[in-house]
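Next up: some structures, all given as structure tokens.
Look at the two complexes coming up: subunit A is in both, with subunit B in one and subunit C in the other.
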Partner chain A sequence: MTTMTTRRTQNMRRRERFWGLLFVTPIGLQVVLFCIVPIGIAVVAGFTNWNVIKGTYDFIGLDNFFEFLTDKYFWIAAGNTVFMLIPIPFYLFFGILFAIGSHRGTPGNRVFRILFFLPYISSVVALVVMWKWLFNYQYGLVNQLLAGVGIQGPDWLGDPDWIKTTIVVMIVWKMIGITSIYVLAALKNIPEVYYEAARLDGASPIRMFFQITLPMLSPAIFFLTIVGIIGSLQTFVEVQLFTSDGGRNYSAATVTYYIWQKAFVSNELGLAFATAIFFALVILGITLIQFRLSRRWVYGGE
Partner chain B sequence: MARTNTTARRTGTTVSFLLMLAGGVTMVLPFLWMLSTSLKQSNLVFGPPEWIPDPVDWANYAEIWDAAPLATGLVNSTIVTVLVVVVGTFSSTMAAFAFAKLDFPHKRIIFVALLATIMIPLVVLILPQFLVYAQIGWLDTLLPLIVPGLLGNVTMIFFLRQYMLGIATELMEAAKIDGAGFFRIYWSIFLPLCKPAIAANVIIVFMATWNDYLGPLIFTSSPENSTVQLVIASLNSYYAEQTDFPLIMAASIVAVLPVVVLFTITQKYFVESFAFTGIKG
Partner chain C sequence: MKKRSAAVAVFAAAALVLSGCSAAQTESGEHTITFMGWGSDTEIAVFNDMIAQYEDAYPDVKVDYITVPAADFQTKLQTMIASNKTPDVFYLAPENVMPFASSGIVADLSDYVDNNELFDPANVWQKAIDMYRYDGTTPGKGAVYGLPKDIGPFALAYNKDLFDAAGVTAPDPESPWTWDEFVAAAKKLTSGTGDDKVYGSAPYSLESAVWSNGGDWLNADHTEVTVTDPKFTEALQWVADLSLKEGVVPTSEEESSLPSFQRFMDGKVAMMGVGPWNQGGFWADATFNWDLMPWPVSPATGERAVWYGGIGFGVANSSKDKEDASNLAAFLAFNEDAQRTNMEQGQAVPNLIDMAKSEYLTSDKAPANKEEFIRIIEDYGRRATQTYTYNSEWFGLFNSNLASVWTGEQTAEEYAASVTDEMQQMLDDGIAEQTK
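Let's look at the complex of A and B:
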């Protein structure tokens, strides 16, 4: 009897392992074929002077790395990439504000939630199309409205000093909805007893916000910051769509744009790979530092 | 005391309503402007702003089909999106179930490796993928947009695993005693229980696939393999120079519409499933 049960349990275990491995096989294949293999290729190719058209390559050591690190345009792109971090605090602020409004059951919050999501669910292509029209220098709605109150609006899309700002404003506008959903979900998970206890102690709403709400939101804010920084540093599609050549004086080009241009416009694949590897390491470094720092301000973080 | 509290609360609600109204208007006005422009005659958009077109002209919506291979784009996008969403959801839910509820060798390492892939910048992957596709003859076909997606989606797996962890394991033990196999447990117990979370994720994957521009831009080139986003982008660069804004706006609306409709239908699942999972991971 006992041996039979053991055998049955063992049989069950074996079947569990089999099904477990089988169930993760598709995603495992995806990671190996479309992630690990590509990274391997990228690392090797970064040390070559690969030319796609001729199909030739030689190993040239670290030359590619010296080349982009001494390229003026790479550093302009690096500066623009840092600029693309600007939206994060703004959409976090408005996202939190909207989530709190939604959480306290402001009338109409369900309708507002759909409206706030419209920009996020629309494709970047459609948004850029829309913004190019809205921010058109001569006929755009924005400059027409500004003219109505006596302000001469800038050339949002053509002026090298303004194009990045236009992109930043669009990203803030797009990201508020999704940010607020994450914050709203975190708000719903804060136990009501904390507030009841604080109210008994006579705490003011402002005090409760800073002593309870904000600390309890810190894991969500941390998550959004990490994902936001990884995403923002990779800004590319907006730049490519707003400016076909990176903008006048390369004013909007980001590092990803620089890499794309090297690979697909000027056919310097080795250089593109080297830049991409360097860029990946920088992002990894920044993410690790953030996890380090998070111990100081994220509630309940390890 | 009680009265000042209600007054304070009412003032608070009014302030928060007005703020949300201002936010909501900011979100929706650009879309209304796009819609309004799309209903105007091309030469009537250069005057002072006019919200209600006079006359309302639907001709642009008829014209866009000839101006660009929009129909081809829509068909291609539909093929890619449907395949990725339907098959990919199966792959993802199976993996999520295994990570949440089954015990198998190297489970932790595999899971951590999956999560690590999220941090890799896309550009590092997309360049070598381009070279591989060039070798195997996949360039300028829809395959690079479809095949990886069929195998699942890491974010969806992570999210659904968290959700399934919250479902009692006793259910599974009971089913095992009744002699149900693991596939049956996954199929007839866990899938139905995860419906809201799956719905929320399906719309996210649908959106990401339908709206993808980078993949089509790099992996396809000829018009007959363009997705709807590529069609709109090239329409934009072509017609913006001729300043036919109403035509471009009409095409963009057609491209955005499917996602907006789907989202409006499924949006109630969003907050619920997000709240259930939490995001402490």
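Let's look at the complex of A and C:
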């Protein structure tokens, strides 16, 4: 009798395991085929001088790493990439502002929400085409407006000192929508009782914002910062679309652009992979540091 | 946990095997060859038409025509090469001939060119075929690795109406202007301010200026960067000064705001370099009369010079149907009907010499001086210098901050001095890569 039960349980367990495996197979396959295998190939290829056109490769140890670390264009790109972090505080600030604004039943808040969100879901290509016209030196709306108040606007897209600024402004504008949606969702999760209690104690709205709202939003802000930094470090499409070659004197090229250029323009796949691995480790490091720092400011529940 | 990952691995392996199997080919009778290219909608329509004709002529061959946006083409092609799925026939840029030929990606078509049923090589522009030759060391010589889709001579066009209004007479095709005469004419043609500004000329072809002045980016055997040579810097400065000093060419900021091509179409630029591919657009949209004139000559040599470009059809060495693929390439390159369609749509000068010299020259469409295109192909046109080197990174570097000369931040001499060492380094790297 007991053996029967054991066998039945075993059968059931086996069957369960079978179905369980079947259910995880698609996602498992996806992870293996599109994450683990490519990452494995990239790591191995990073230590070779693989040339796609020739189809040849030799293992060359750490040469690739020395090559890009001593390449001045890599460091220019690295500097530009750091520059791309500038949008983050701006869109966080405006995102929170808009979220709070539309949270309190402002008239037309739905319309605003849609308007702010629109850039995020639009194709980057279309946006860049539009921005190219907005920031056109001679005929762009921005410079026309500036001319209206007597300022000769700069060559936003051609001048190496301005192109990065143009990209930063565009990223801020594009990211405000998604930021405010996340913040809005977090706002809705703050129990009203906190505010009631505070009001009973006679707290001012400003005090309530800094003592209740902001701490309660901190997990969302933390998440947005992490995602934002990773996203900013990987800025690529804007660079490729605004400039055909990374901008005058490489003034707009980011590390991701550098990697792409090495892989597909110079055919140095090994070098590109090495740079990509290095860059991925840097991003990982930055993210870990943020998690460490987050303990000091992110509210983790009672 | 361990077992589960083992199961996943088995599944993955099975999937890999299955996907590998599906690539197997059917060998009997009818077979399919792939052709990859890019093009405008009209061009793609023309190609679809030509492919249908080809399939009629060779009923057992089906053509799978893949079109990719021009900007993605190189990336896509390289990905396909890396995964051993090179299309049987594909667009081959002249600068790719060396790397592709030396790594065995494109097939040697020399025998095919000499013994084929579709065209007579003597009736094809020598320079058009030479763009796809490579003997292992020097491009332009040796075995043929591609057939020309077209050859693109870059000629100087002018707006006749603006010339008449300014009282300027274009030079006789046989006796080109000198640079000074060109500047004087451009000054007369420049007028107005603000939105009514008319410029005498679009940014001048740097190739034409440098070569006509006796300079070049590299020395004759393409091993040394020569941009600091006074013959080079003088020409570069002259081109920059057309805007900076003479004010007859849009500034670089104006050029990036509204390219000269658009200004020319609007009648706001009087002279501009054009290729045969511009003809169709001009026929459809130009509201003024236009024609071609010879490129002005530098006092240093008195010789005309300018570049010609083009793109070809390469056949994959890995193709299972090289004969069919070569036939398709030849059909697309030289089929009379197709050439005529291309010509009539104002896309190209025919590849076939007899057609170019009869039907094309005698057609009554603009430009009247079609001879200029032919003269560039036969006489004074040159291949761009960067198509002679294994890769063109050195050229990309030269261009990367060239705008600082156009804006006057640096003189031509200063700029050339600031980039020459690094250009040489890149050129050396390319040469090392070529001989490796």
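Note that in this section the second predicted complex is superposed on the first by the 280 of 302 C-alpha atoms of A that agree within 3 Å, B and C clash if a C-alpha of one lies under 4 Å from a C-alpha of the other, contacts with A are read in each partner's own complex, and residues count from 1 in each chain.
Throughout what follows, a contact is a pair of C-beta atoms (placed from the backbone, for glycine too) under 8 Å apart; a residue touches a chain by one contact, two chains touch by 3 or more.
These numbers were taken from a predicted model, which means no experiment stands behind them.
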item	value
Touching partner for A:Gly55 - first (subunit B), second (subunit C), both, neither	second
Subunit B versus subunit C as contact partner of A:Phe116, first or second or both or neither	first
Subunit B versus subunit C as contact partner of A:Asp245, first or second or both or neither	second
Which superposed partner A:Val82 touches (first subunit B, second subunit C, both, neither)	neither
Contacts of A:Gly158 with subunit B and subunit C, given as first, second, both or neither	second
Which superposed partner A:Ile289 touches (first subunit B, second subunit C, both, neither)	neither
Touched partner set for A:Pro38, first subunit B, second subunit C, both or neither	first
Which of subunit B and subunit C A:Val125 touches, first, second, both or neither	first
Of subunit B and subunit C, the chain that contacts the larger number of subunit A residues	B
First (subunit B), second (subunit C), both or neither touched by A:Tyr137	second
Subunit C-contacting residues of subunit A that also contact subunit B	21, 24, 28-29, 33, 37, 52, 138-139, 264, 269
Residues of subunit C touching subunit A in the complex	4, 7-9, 11-12, 15-16, 74-75, 78, 81-82, 99-100, 102-103, 105, 252-254, 256-258, 391, 393, 396, 399-401, 403-404
Residues of subunit A that touch subunit B when the two form their complex	12-13, 15-17, 19-21, 23-24, 26-31, 33-35, 37-42, 45, 52, 94, 97-98, 100-102, 104, 106-109, 111-119, 121-126, 128-134, 138-139, 141, 144-145, 173, 176-177, 181-182, 184-186, 188-189, 219-220, 223, 230, 233-234, 236-237, 240-241, 244, 256, 259-260, 263-264, 269, 272-273, 276-277, 279-280, 283-284, 287, 300
Subunit B to subunit A touching residues, read off their complex	12-13, 16-17, 19-21, 23-24, 26-28, 30-31, 33-34, 37, 45-46, 48-49, 91-92, 94-95, 97-99, 102-105, 107, 110, 113-114, 117-125, 127-132, 134, 148, 150-152, 154, 157, 176, 181-183, 186, 207, 210-211, 213-214, 217-218, 229, 232-233, 236-237, 240, 245, 248-249, 252-253, 255-256, 259-260, 263-264, 267, 270-271, 274-275, 277-281
Footprint of subunit C on subunit A - complex, ascending	21, 24-25, 28-29, 32-33, 37, 51-56, 136-140, 155, 157-158, 245-246, 248-250, 264, 266-267, 269
